[in-house]
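Below is the structure I would like to discuss, written out as structure tokens.
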Amino acid sequence: MNPPTMKLVTIVCEAHARGPVTDLLRKVGAHGWTLFPVEGEGARGDRPADIPEFTNLQIQAIVPSAVATTLLECLARDFFPRYGMIAFAADVQVVRTEKF
Amino acid sequence: MEILESVRINLLSPAVLFFALGIFAALVKSDLKFPEPLYIGLTIYLLVAIGFKGGVAFAEAGVAKVWLPATAAMVLGALIPLWTYPVLRHIGRLPAVDAGAIAAHYGSVSAVTFIAAINYLDAIGQPYERYASAFLAVMESPAILVGIVLAKLSARQNGAPVGPALRTALRESLSGRSVLLLVGALAIGFLAGPAGMEKVGPFFVTPFQGVLALFLLEMGTVAGRRLKDLRRVGPFLLGFGVLVPLVNGALGVWLGQHTGLGIGGATLLGVLAASASYIAAPAAIRVALPEANPTLYLTAALAITFPFNLTLGIPFCLALARHLFSQT
Amino acid sequence: MEILESVRINLLSPAVLFFALGIFAALVKSDLKFPEPLYIGLTIYLLVAIGFKGGVAFAEAGVAKVWLPATAAMVLGALIPLWTYPVLRHIGRLPAVDAGAIAAHYGSVSAVTFIAAINYLDAIGQPYERYASAFLAVMESPAILVGIVLAKLSARQNGAPVGPALRTALRESLSGRSVLLLVGALAIGFLAGPAGMEKVGPFFVTPFQGVLALFLLEMGTVAGRRLKDLRRVGPFLLGFGVLVPLVNGALGVWLGQHTGLGIGGATLLGVLAASASYIAAPAAIRVALPEANPTLYLTAALAITFPFNLTLGIPFCLALARHLFSQT
Amino acid sequence: MNPPTMKLVTIVCEAHARGPVTDLLRKVGAHGWTLFPVEGEGARGDRPADIPEFTNLQIQAIVPSAVATTLLECLARDFFPRYGMIAFAADVQVVRTEKF
Amino acid sequence: MEILESVRINLLSPAVLFFALGIFAALVKSDLKFPEPLYIGLTIYLLVAIGFKGGVAFAEAGVAKVWLPATAAMVLGALIPLWTYPVLRHIGRLPAVDAGAIAAHYGSVSAVTFIAAINYLDAIGQPYERYASAFLAVMESPAILVGIVLAKLSARQNGAPVGPALRTALRESLSGRSVLLLVGALAIGFLAGPAGMEKVGPFFVTPFQGVLALFLLEMGTVAGRRLKDLRRVGPFLLGFGVLVPLVNGALGVWLGQHTGLGIGGATLLGVLAASASYIAAPAAIRVALPEANPTLYLTAALAITFPFNLTLGIPFCLALARHLFSQT
Amino acid sequence: MNPPTMKLVTIVCEAHARGPVTDLLRKVGAHGWTLFPVEGEGARGDRPADIPEFTNLQIQAIVPSAVATTLLECLARDFFPRYGMIAFAADVQVVRTEKF
């Protein structure tokens, strides 16, 4: 079995960006995602995740390579100036490509 | 010297002492940390309890007594941004979007400050209108909308229409968990009445003060962790965060007196006006005005005004109310 | 019209009103969300409290009084799948594995529904046998095993042996946290007796109704989020989820009357029979019958039957019990 | 230092699959794993993680390449038809290969 | 045979029975698991409640009565590592770093064991000095520092200086959440006095025993999960974990009697000496002596000594105290 | 857009190692990190994450390749003998390199 390669896009953002980010994911064509709360430290100070208003979320979506490119471009253009966040992509081998 | 005595009593109450312990824990970088689910659980409990009690009292008092001060409270909340916005813009020289965001926070209200004030009045035996939670419920949203309109109108040159941001904010602030729990519990208390209170009172009333003490311990750690941001916001906001509550508090007390409330109720309306939202407002503003700098409004509301009101603002409002009522 | 009055009282109790508020919050997509640890904490509290109180009452009543209705309850639970399975199979035209899974859920019981029924009886002053939690404890597992056997026997052609699935389910349902907490707390209440109750009563008894109200607020959001699955399950299951509780409830009330229970106890046995498990059963079924479609059994148990029982099923059982007992 | 390459296999599955999945990990020869609860949205609707019965888990295991292949094959064959889940693999450089 | 009766009463108390249920749940691998936030919430509640109550009692008793036994308690804690270290080193043949780590744990104290002892004295109606929580507060840290010094001095040959490790441990153990909450709540109770107690008592006092029962259910699952490590630690530590509490308990009771405490207070000082820390000490040791093997000290403190004290050690201390006081 | 490649270093360690690990991250030059509690099983038994003293943390930091090498070396030399932990690195494509 030689599983086909897709992109795993990971976004770490403040909790208030949740709605806008998942809306964007839907818009660019992601068929699913996984998310969970995280703590973090970065350029905009630390986010100790003590109250929901100050939490970070890590959002992961597996998408085809082209979708990943669009996604990262939209994030860099529309989201980075407004929200505390980072985003990155990596190659992953998935089992059933038709899902994504 | 009565005000000094009021302050002393407040500072030595378990609630305020636990708040101080929380700040201390944050400053010595203790590993004491309330996990987020605990924080959410405590806020749900406090909001439901205060709303439910207010609803039962509302049912007992009748709409006739409540509508006038409630409307006054709502109007006051909506008007506060109209005078704080120009101050922020012209004296503080802040960008329109930040001025609008901060004005929205100070027009909206802090449920925890209100609850601490109720706690304080209970502790010193000062009676108050128990339906006052209704004022808390109606004051959360209007100021947020006004603040956003101000920011958007001023920044109109960049071509952004006001409508969508307002709609987003309206949805956020009406379906946000604090308004929903408060209004919902008020309605339930209203429907269930004293008979319902008998059933859930041992959970929502008896342990209330202790739960509040524990919650303020947590709020102390939360505020304490943001104290280091104080040097990022500059002296103007520091003064703003202390003086504006005094002015708004006085407005609230005065308005309470003139809409038929007693000393206790006028004090509470003053505390509401003096308080700055750090839950409902940030959630709505972050989505409707994402360009506004959260460090400014959060630090002002949470690290300056909240501790100030908790320690000095509440007894100040009471002393003022007593003074005004003694004049008439 | 006594039943209408019972329903009205139930609908206006804080517990049911908070459940409605939770559904409302889910429908308007509020950000109100009880974090999972809070949910787990509340269920642990409720199960331990109800088990402990039942155990103390069991010790006071003596085994002689309890064994007959308890055995009847267990047998009833085990038999319910025998009549619901063919209905699901032949009228509902569901695959064997789904029919077995759903039958298992309706034979097993919902602890929260039972607790809400106790709450209701307390509220209207209807006495009941306080050891009835023992029935809850013994009714959870048998139906799950019967449902699995039915599904496996029917699907035997695919060659899967019944044994391993049954063993898995038995282990899951006996060491699952709801059975363990309930049976464990029953045993502890039995051993510790009234003296133990004196010590832990202020925690497990006094605030109980308030905690339940808060928990039902959460269950409202949980059920509300699944309401959109209703259109996925089709009209048959919708009718099934409302009618089967009525039939099973009547069976339970009748059986209670004939095994020596009073009006209150018969009502509770009816409610147990009417209720569908959405905690213990899904956990066991998901592992023993992973091919069964969870949307079907979860939506039926959680989004149809649970709200139905909470609002109408409980007063129905009481009205029926009063009617039957007044005939004799 | 040129750390040797291994596979990081990530599985996102409903909480009820936990026992079967960790049993499988042990069987195919994984020496350890890390897991945590997550929320998700996918082909089978959203899993809001509000009650334990509806939670997703993310399970991560670092394994040699051959083990990863077996693992993904078993998952695709025996687990995907039964449980709501996704699985994917990625190359990672580890420090002490002998651990895995 | 009075001691047997004390043991029987203790074993049948809800608190100990729930602990046993927790162990059982872990052994049958139930899915019963208290989420971490719940554990943290329960420990915060218990520490704050016990500290606050102790502080109020401290204010009522006055410093004059408390300083002597408190100093004695502190010295006793610091001295315990001096005799347990050589035993671990020479009889147990453990490496210096492990011997120092374990000695630190047994000199420090377990708040939960102390709370269970208070619960037990309350249950059997044995009066005690309510300011005893102050002893708990002062005994946590000294032994940890002594244990680290012993380990570092012995291992000096590897050239590591003692200073930095000591400083780390001092900071860890003073700003660690258990010391901070306990000392902080003591101080708040001292300042707020009986008036403050009236306000928060319904939350911190009334439900206390029930919360403890629930917490011990959880501690049972936590200890139960570590029982399988027993075979990794060997027979020496097993004996050590049972015999050392008896010796230290006797020392504590004797010291209590000679510093002016009554039967209850001497029992509590005995229990403190007998108990081994599994929260504050591991946190400090893990950072100051990271080479020490955590399986050894955690298993000894949590899976051997904690259950032993909870079931037999507490009644042993009381029986001894009664015996000693009846001699004079 | 062809986003530049950086390293994502992931560390799974016992909670007590948190302070030392984040100190090290700062020292080797990471400009931020993200962390969250996880459960795990490995060579040193299982860490059921039932009480804070027994929890694992997963710490993720995006760093330039050279920093990743130093970081992994320091971890292997100074931390692995003392704390229960694993560490691994993977290539990721980030959007704004200047952040990291």
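Details
For clarity, chains are labelled A, B, C, D, E and F in written order, and residue numbers in each chain start from 1.
Please note the rule applied: a residue touches a chain if its C-beta (ideal position, glycine included) is under 8 Å from a C-beta of that chain, and two chains touch if they have at least 3 such contacts.
Every value quoted in this text rests on a predicted model; they were computed, and no experiment measured them.
Relative to chain F, the most remote chain by averaged C-alpha coordinates is C.
If you compare C-E with A-B, the chain pair joined by more contacting C-beta pairs is C-E. Rounded to a multiple of 5, the Cα-based rotation taking chain B onto chain C is 120 degrees.
Centre-to-centre separation between chain C and chain D, using Cα means, comes to 34 Å. Chain centres here are Cα means. That of chain A falls 46 Å from that of chain E. Residue positions of chain F with contacts to 2 or more other chains are 36-37, 90-91. Chain contacts: chain B has residues 33-38, 40-41, 206-207, 283 touching two or more partner chains.
Taken pair by pair, the chains that touch are A-B, A-D, A-F, B-C, B-E, C-D, C-E, D-F, E-F. Against chain F, the residues of chain E that register as touching in their complex are 33-34, 36, 39-40, 218, 221-222, 225, 229, 278-279, 282-283, 286-287, 290-291, 295.
Within the complex formed with chain C, the chain B residues making contact are 35-38, 40-41, 44-45, 48, 52, 175-177, 180-181, 184-185, 187-188, 191-192, 196, 199-204, 206-207, 283. Residues of chain D touching chain F in their complex: 1, 3, 6, 8, 22, 31-36, 62, 90-96, 99.
By the touch criterion stated above, chain F contacts chain E in their complex at residues 14, 16, 19-20, 37, 45, 48-53, 55, 81-83. Looking at the complex, you find that chain A touches chain F at residues 10, 12, 36-43, 56, 58, 69, 72-73, 75-76, 80, 86-91.
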